[in-house]
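Multiple structures are listed underneath, in C-alpha cells.
First chain A sits with chain B, and in the next complex the same chain sits with chain C.
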Partner chain A sequence: MKKNRLIPIVLLKDGWIVQSKNFSQYQNLGNPVATVKRLSEWASDEIIFLDISRGDKYDTKRNDQGYKNRGSFLDIIKDVSDIAFMPITVGGKIRTIKDIEDRLLSGADKICLNSMAIEDISFINQASKEFGSQCIVISIDAKKNLDNYLVYSKGGRHMTNFTPVEFSKIVEDNGAGEILINSIDRDGFGGGYDISLIEKVVESVSIPTIACGGVGEWNHFSEALEKTNVDAVAAANIFHYIDQSVYLAKKYLYESGFNVRKPDLIKI
Partner chain B sequence: MNAKYCKKCVYPISAVNLNIDDEGICSACKTAEKFEELSDDFWNQRKEKFEEIIQPYLNKNESNYDCLIPVSGGKDSFYQAHLIAKEYGLKPLLMTYHGNNYLPEGDHNRDLMRHAFDADHIVWGPSVDTLKKLNKITFKMMGDMNWQNHCGIKTAPIQIATKFNIPLIIWGETDWDISGMYSPDDFVEFSARVRHEHDLRGYEWYDMLKHGLKEKDMMWAKYPSDEEILEVGVRGIYIGNFFKWDPNKQTKIIMENYDWKPSEKPFERTYRRFSNLDDRYENGIHDLLKFVKFGYGRASDHASKDIRTGYMAREEGVEMVRKYDSVVSSDLYYWLDYVGMKENEFWSIADTFRDPRVWWIDDGKWYKNNIWGGASSYGNVHLDDSGIENFSKKNRKY
Partner chain C sequence: MSKTKVCILDYGSGNVRSVYNVIRHLQFDVVVTNNTKEIRNSTHVILPGVGAFPSSMKKIESSIPLATLEIEILEKGKPFLGICVGMQVLADSGSEHESCKGLGWIGGSVKKLCADGDGLSLPHIGWNDISITKQSQIFNGLKDYRDFYYVHSYAFDVEDKSHVLAHTEYGSNFTSIVCKDNIYGFQFHPEKSQRAGQLLLNNFIKMYEKE
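Showing the complex of A and B:
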C-alpha cells in the first residue's frame, strides 16, 4: 500500500525563509540552504518550496555569512536542489510554460500552480500535456465565508467564485496531478487542520490530495490521516520550531501505527 | 540609499534579520508587542506549562544532574541559575565556555556561581594560542573576532549534555527577539540550524583548518550529530518562553540576593552597565564592527529594547544612538595588542565589510544617513583602489 507522505512546506519571501501567519504576518527565519539542508537530513519524503515574494528582489542583506546571498529565485532553487535528497515541488510566480521549464531545469521535480491556474484554466492543461500531469500540483487556498468555502488567489488577496470542491474537480479534469489544499483561516495558528474542508476536497477528486494549514502539534497530522483519505500531510511553521522536527513527527506517526515511512536520518 | 527606520524603535531596516511591515513597524517591535500584551494570568499558565515540561526529566532522575544550564555568569545566566537552583531547588550542571574575553567584574560573577548556588560548574576554554589565531582568522573571514565565543557558547554545552547524558538544557532569553523571528506561541527550542546559521554565520570548525589550526585545536567546536542528540534526547528550552523576560528587573533580583556586580566603569559604546561583562568586545569592537557593516550598534539594540519595554522614549533612544553608535572604543587597542595587528590593517579589513545599502564614499570618507535626519561622515576610507572598486561593484547591485 502506498505510504502517506509527510511534507514540509518552505516559504521564501524576498530571499528569506519566512514563517507566515494568516497570510499576512511574516517573520524572517534564515537562509534557504540552511533550512532545506536540515529538512533533507531528517529524511523528509518531499518538500514544497513556495516563493511568496511580491517583488522580484531577493536579498538577505547578509554578505558576512558562509552562504551565498543569491539575487535570483532560479539560483536559489539550484542551491537548494543540490542539497535536497527528496523530490522538490516548486511554486510561486509561474505565469508561462517557460517559467515551468526554468524551474525544472534548475532542479525542481514538480511544479505548483496557484493564481495562474485560477486565471487561466487551460494553462493547467497545457502544462500537464507538456510536462506530464504527475509534474503539476495545484495549490488551492480556501477561506470560509459564512457557511461556504471560497477559493482565493494572489496569496489570499483576491476572492474567486469557485468553491474548493468545484475548483478541485475542474483542475482534475484539466490534467492536474495532485492538489494541495490549504486553509487561509488556519494558516499559522496551530489549532489543527480544517478537517471538513480537507474531507470535501479529498472526496471530490481521485487524484492525490495534500492537506495543509494549521498544524500545531504532531497529532494534528494523525487527525487528518485518521479522519480523511488524504494522501499526504503537510505543514510549514511547525517544522522550524524544534530540532529534528520532521524526524520526530515521522517517528510519532510511525509509532502510532500510521502508514508512513520509517523515520530516518541522512548524512549530507 | 534612503535609510529607513522602524517608526517605533530605533532600528534601521538594515538591522540583521529584520522584517519591516507595510505600516513601517519592525518585526522585533511586533514580537515585543505580543509579549507586552500578555497578562499575568497568561504568564501563570506559562509557568505551569514550564513545570509540566520539566517534570518528566525530574521524575526519572535520581543519579544525574536535573538539567544543564549554559552560563557565562552574566546577568541573564545568573538569573537562570537563580530560578532553577534556588526557586525550583533543582540540581543543574552549570557549564561555561571561556573565550578569554572576560572583564574583571565578569570573572568575579562567573566564579561566584558555585558559591551562590548548590551546583557543580564546568568551565571549558580553548587554548589562548588557538583563541588568538581564531580571533584573527574570523575577523578577516567574516568581520567578527568573536566567532569563537558564539561558536563555543552554542556548542560546548550541547557536547557536554550528550556526554553526561543530560537531556534537558535550559537557555535564557529567546534570543531571536532581537529581530522578532518567532512569537511567544511558537515555543521555539534550541536548534542546530539557528546555531549554525545565525550564531556561527554559516561556518564550522572545519572551515578554520585551512588557516593553520588543527582538528585537535577545535574539539570544543564540534556539534554533536543528530544521532547522538536523539540518543540522549537532548533538547534546549528557553525560559523566556515561560517567564516574562525583564533584564532590568532580573538584574535587580540578582544584585539584591547575591554579590553580582555590574560594570564599574561605564561602557564606551552603550549606556547600559549590566550587559556583556563576560566579553570585553561584545559592547566594544565586536559591536563597532556591526556599526561598520550595517550602520547601527549596541546603543541601538539597547535603546530599541528599552523603548519596547517602556523604559525609554524614542527621542531619548535617538539621542543614545547619536551619542554611542559610532564611538571607536578603546578595547580596539587591547585587541590589536592581543592578536598582534596594526590599526591600519584593522580598518582596511573592516572596510571590506561595509554594506553598500548603508554606506557611501565621498571625498575619501564614509557617509551614511542618520536617524535624526541628514547624513554624516564617519571616518576615512582605508580601502585601496581595488577595494574601492569592489565596493562600488557591490553598490551597483543594490
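Showing the complex of A and C:
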C-alpha cells in the first residue's frame, strides 16, 4: 500500500538554511549540506528545498566546518543530492524551462513552481509536457481575507484574485503533478495546520496534495492525516530544533497506526 | 581489494547522477559510460532510467553499443540491473504513447497501470511496499523494511511469472522486481529509497562479486 509521506522543507536564503515566520522574519540556522545530511539520516521520505533568496548571492559560510563554500544555488543542489538518497524537490526562482533543466541536472527529482505558475499558467503545461507531470509540484501560498482564502505570489507579497480551490483546479488541468498548499497565516506559529484550507484543496483535485504551514507538535501531522485526505504532511521549522526530529515524528505516526513508512534511523 | 567495477550505461537518462552517487557511497568502483571497452571491462552493468519507454528506447538504441552489451549480458552472463524504465525496456514491447519494441531479454510487455477506482491517480509516485513472491539472495538483510520509492505510470507485465521476485499493489498488483538468471529489474528507484534501496543494490553487486 502506498504510504503517506513526511516531508521536511528546507528554506535557503542567500546560501543559509533559515527559519521563517509569517513569510517575513528569518533566522539563520546553518549550512545546507550538514542539515540535509541529518534529515536524510533521520529517514525523511523526501525533502523540499526552497530557495527564498531575493538576490543572487549565495555564501554557505561554512568552509570552517569542512564543507565546501558554495557560491551558487545549483552547486548547493549538487552537494545536497550527493548525500541525500531520497527524492529531492527544488523550488524558488524558476522562470524558464532552462531553469528547470538546470535543477534536474544538478540532482533535483522534482521542481516546485510558485510565482511563475501564477504569472503564466501555460508555463505549467509547457513544463509538464517537457519533463512529465510527476516532476512538477505547484506550491500555493494562501492567506485568509475576511471569510475567503486567496492565493498570494512572490513570497506572500502579492495578492491574486484566485481562491486556492480555483487555482488548484487550474494547475491540475494544466498538468501539475502535485500541490503543496501552505498557509501564510500559520507559517512559523506552530499552532497546527489550517485544516479547513487543506481540506478544501484536497477535495478539489485528484492529484496528491502536501500540507504545509503551522506544525508545532507531532500530533499536528496526525490531525491533518486524520481529518483530510492529504497525501503528505510537511513542515520546516519544527524539524530543525529537535535532535532526530523526523525519526521521532515518523515513529509517533507509525506507532499511532498511520500509514507511514516504518521509522528507521540510518547511518549513511 | 575487490576487482568489482560497476558500469552505469550512459544514454542521457536523468537519474544517472543519483545512481552513480549511491554506488560510490556503497564504496564500489563505478563508471558512467557507453564505451564498448569499458562495458567489457566492467563486472556489473546498470541501466538507469526515468521518462517514457519509446524515447528511452530510442536513446538507448542510438547511444549504447547493444551488440556488445548483448554478448556481455546474454552470452557471458554478466550481472545486469535495469532501474524503472531501465527495467521496462527488458520487455518485448511497450505501449506508452506509441507501440514500441523493447530489448526483449525477458518475455512480456509494458502496460499502463490499472489504477481505476479507489481514487488513485497516475503516475504512481511515492513510497510503497513490496511483497516478495520468490526468495532470492537479493533480499538478504531486508527484514521488514520493504518500502521503496516509485515514479511511474506503466509496469512490466511479465509473461513467465516465475521471473517475478516481488510485486507491489497500487490499484492492482504490478511487478516490482523481475529476475531472469543474471538479469534483474527494479520498477522502483533504489537510488532514492534510502537504506532499503542501498541494501538491494549492495546485494546485487555482492552476489556476483568475484574473489
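Criterion: the second predicted complex is superposed on the first by the 264 of 268 C-alpha atoms of A that agree within 3 Å, B and C clash if a C-alpha of one lies under 4 Å from a C-alpha of the other, contacts with A are read in each partner's own complex, and residues count from 1 in each chain.
Criterion: a residue touches a chain if its C-beta (ideal position, glycine included) is under 8 Å from a C-beta of that chain, and two chains touch if they have at least 3 such contacts.
On a predicted model such as this, the values are computed, not experimentally measured, just so you know.
Touch criterion met: A:R38 reaches chain B, while chain C stays clear of it.
Contacts of A:Y241 after superposition: chain B is touched, whereas chain C is not reached.
Of the two partner chains placed by superposition, only chain B is touched by A:N28; chain C is not. Applying the stated contact rule after C-alpha superposition, one finds that A:G107 touches chain C and leaves chain B untouched. Contacts of chain A with chain B, set against its contacts with chain C after fitting on chain A, share not one residue. Those residues of chain C that touch chain A in the shared complex are 14-15, 17-18, 21-22, 25, 51-52, 119, 121, 123-129, 144-145, 147, 149, 151, 169-170, 191-195, 197-198. If you check the complex, the residues on chain A that touch chain C are 1-3, 5, 40, 43, 45, 81-82, 85-87, 104-105, 107, 109, 132-134, 177-178, 206-208, 231-232, 261-262, 264, 266, 268. By the touch rule above, chain A contacts chain B in their complex via residues 16, 18-19, 21, 25-31, 34-35, 38, 41-42, 59, 61-67, 71, 190, 237, 240-244, 247, 265. Chain B meets chain A in the complex at residues 14, 16-19, 21, 27, 30-31, 142-144, 179-183, 185-194, 196-198, 200-203, 207, 226-227, 229-230, 235, 293, 353, 355, 357, 394, 397-398.
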